[in-house]
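In the two complexes that follow, chain A is the common piece, with chain B as its partner first and chain C second.
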Partner chain A sequence: MTNIEKYIQSFTAAFDIEAEQCEGLEYQGIETWDSVGHMGLIAELEDVFDIMMDTDDIIDFSSFEKGKEILGKYDVEF
Partner chain B sequence: MFKNKNIMITGTNRGIGRTMLEAFAREGANIWAHARKETSEFTENLKHVSEINAVEIMPIFFDMTNSLEMKQAVKEISDSKKTIDVLVNNAGIAHGGLFQMTSLEKMRDVFDVNYFSVLELTQLISRLMVRQKKGSIINIASISGLDLKAGNCAYGTSKAALIAATKVLSYELAPQGIRVNAIAPGLTDTNMTVLMEKKAGDAMVRETALNRLGLPEEIAQTAIFLASDKASFITGQTLRVDGGM
Partner chain C sequence: MMWSFNNHKEKVAAIQENGQSITYGQLEEVSHEISMQIPHRSLIFSLCENSIGSLVGYTSFLNNQMVPLLLDSGLDQELLDNLIEVYQPGYFWIANQKKAAFLQQYPQCLQTWEAYDYALIKTPYDVTPLHEDLALLLTTSGSTGSPKLVRQSYKNIESNAKAIAEYLEITDQERPITTLPMNYTYGLSIINSHLCQGATILLTNKGLMQKEFWTFFKQEEATSFGGVPYTFEMLKRLRFFRMALPSLQSMTQAGGKLSPELHKEFAQYAQDHQKRFYVMYGQTEATARMSYLPYKESLKKYGSMGIAIPGGKFSLIDVDEKKITEPEITGELVYQGPNVTLGYAEKRDDLLKGDENQGTLITGDMAKQDEDGYYYIVGRKKRFIKIFGNRVNLDETERMLKAAFEDMGCACSGIDDKMSIYITDELHKEAVKKFVSKKTGIHFSAFTVNYIPEIPINEAGKTLYIKLEE
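The block that comes next holds the complex of A and B.
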């Protein structure tokens, strides 16, 4: 599985959505991406990419696009 | 009771933490045993406890106030791919002194160990628990955080803050299947008590209905209960284990 596939799968699993819905998605843009859902997403991403994110990055993770940029800090390349 | 469960306890080299390590091991738990630093006595005790109970005990070392070391240790736990079912935040420091005679630096030191570092570790470990949507966190607070009196401007308030955080986290982590509780021990027979002024210690004991010090084992058994499924409907609570006050 490529990194982008893993990334999308983390979103679909955390928010119970289809892959097509991920592009352009923003924090609190859908009902399931609330603060509780956010922690679920972070848990998925940390597990899938085997990383431990800093709290500041968890706070900054405000959209599907921004998340890719943040994961770059942890050597996850898309 | 805890077969195939993995439990992390901080401050397991002595006192209540060491007794909890032994008690959880007797219940079949595998344990991430934290200490500030490695010593031969600590290593030997872990080996002994592991052998007699046929459980896995994995040492981890960091100073509670060293963020970097703490993160490395949690990464090690995460990399092991083992679940982490229970976290017992036990490590702590005591301090007694009147407000006018306690420096701000001292207050910060006490809060760093008893409050901020506990929150930091809980933040990291609860993120691992979120993956499995289950977990139990137990904060070792103190009756000094409930019955705030003169001399408690640093230690008592740090434990009061921990008790308040226990309540907040219980709400925030409940949707993830994680329970968060605290234990408020009364005066318990460890080195911490030995360092206390004798007059103050004796007075505290006299105030208890049972008229004695608590035993570390009595605190450990309460932690076992709170960590177990027997306490599955208990969260956000602070349980006094104080001999009746």
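The block that comes next holds the complex of A and C.
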């Protein structure tokens, strides 16, 4: 699986959505992306990419696009 | 008069996210204005947010002997309709932002006034008769659509706020930041106990997982916050222990039992960083708080919910309702104090009822006491669990599911933060999960739906929940 596929899969699992819905998605843009969903997403991403994210990056992770940028800091290339 | 705001006239009572603030003097003024808009003893449904408008409504209604039912502004439409039908409120207090959609939904309603981005809306209903002691209504497990409300008196709110302010040593220098909704008894108790001391409340609808929350926290130098067990799990994941928060002085926890491990970790953190950490216990039926663990004992007694709050008293009873006096014996926890509420309401006429509890609350929680007199919760007598701090009644959830999915067998069990739903129709698994999540407003990941061919029952037709977990 490519990184983008893993990335999308983390979103679909954490928020119970389809892959097509990920593009442009923002925090609180859907009901399931609340604080509970966010924690689930971070856990999922840390797991699949085997990283430990910093506090500032966790709270800055405000959209699907922004997340890609943040993961770049942890050498996850898309 | 519930609060004497004029004692702190010049002080800032609340600041919200966008920087807007309100002084105690202004709270008093708007309270006076509202008194001319609404008849005395009116019933008002207040759709709450953590904002100045929402706060102003609440304090003004209480100070003018108008009775609000506090609801979440995002409450499911059907559940709201049900509450309206049962209680027939005279007014609504609702954010301007939500007003248009609301008026479209209820065309017989009419806006009569507005202040601080909130609107007062008149309904066509006649005045609801209310008992003179009744001050406030809160939901018990509003999330499952039950119209069951807790009736709180002026004395309840006042005595609990004062007791909390005393044991938490709240001064007018405190700046608590909101992490819980105002319509949630614990969130409200933070507001009440700080208002009575003339402190400054930092109001935000943003959550711990959002950058804006922490920016507001640091900018406004928050001194305390409260959280349910799940809040502390999130904080741990956020590497909270490594965050620099010099303004923070204390943290409180309630809304369910914190795992002893997390309790210990946060107690250790607090001790190492000269902060105070309080674990507490309470119920809406006791206004809010019944116990607290003094912060100095937090590390030594981790896992304990502490001792009764000032003015309150605990006892334990066995199955024959006899008092248990020896330590380490489990019994049902009973609380006595001036904050034990009047009772429940399930229909409009119940709002006329007086004090049915007479200061004694049988909590439904099983507990024990150690040799030093500290209490520990060990289980629950009633069939409900707490999910992210919200009480969810398992039987009511079952009833709700059976009504929505006819011809399907179903049973609910589980532990805190994790409900297990068993259904006899495999095809409905996804739909059931979506339905429960939508109705309760709780994230879907808290529900596991399992298929079983048949719900195990005993000879009397009762569900055998123990068998389900096998």
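As a working rule, the second predicted complex is superposed on the first by the 78 of 78 C-alpha atoms of A that agree within 3 Å, B and C clash if a C-alpha of one lies under 4 Å from a C-alpha of the other, contacts with A are read in each partner's own complex, and residues count from 1 in each chain.
We take it that a contact is a pair of C-beta atoms (placed from the backbone, for glycine too) under 8 Å apart; a residue touches a chain by one contact, two chains touch by 3 or more.
What you see is a predicted model, and the numbers here were worked out from it, not measured in a lab.
Asks: Please tell me which partner, chain B or chain C, touches more residues of chain A.
Replies: In the superposed model, C touches more residues of chain A.
Asks: Is A:50 touching the first partner chain B, the second partner chain C, both, or neither of them?
Replies: first
Asks: Look at A:77 in the shared chain and tell me whether it touches chain B only, chain C only, both, or neither; answer first, second, both or neither.
Replies: neither
Asks: Given the touch rule stated above, what does A:40 touch, chain B (first), chain C (second), both, or neither?
Replies: The answer is both, since A:40 touches chain B and chain C.
Asks: Look at A:60 in the shared chain and tell me whether it touches chain B only, chain C only, both, or neither; answer first, second, both or neither.
Replies: Touch partner of A:60: chain C, not chain B.
Asks: Where does A:20 make contact in the superposed view: on chain B (first), on chain C (second), on both, or on neither?
Replies: Neither partner.
Asks: Under the contact definition given at the top, report the residues of chain A touching chain B in one complex and chain C in the other.
Replies: Shared contact residues on chain A (touching chain B in one complex, chain C in the other): 36, 39-40, 42-43, 55.
Asks: Which part of chain C faces chain A closely enough to touch in the complex?
Replies: 207-211, 213-214, 230, 233-234, 237-240, 242-243, 388, 434, 437-438, 443-446
Asks: Under the stated contact criterion, what part of chain A meets chain C in this complex?
Replies: Those in contact with chain C are residues 14, 16, 27, 31-32, 34-40, 42-43, 54-56, 58-60, 62.
Asks: Mind pulling up the chain A residues that touch chain B in the complex?
Replies: The touching residues are 36, 39-40, 42-44, 46-47, 50, 52, 55.
Asks: Under the definition above, what is the set of chain B residues touching chain A in their complex?
Replies: By the definition above, chain B touches chain A via 71, 74-75, 78-79, 123-124, 127-128, 130-131, 175-176.
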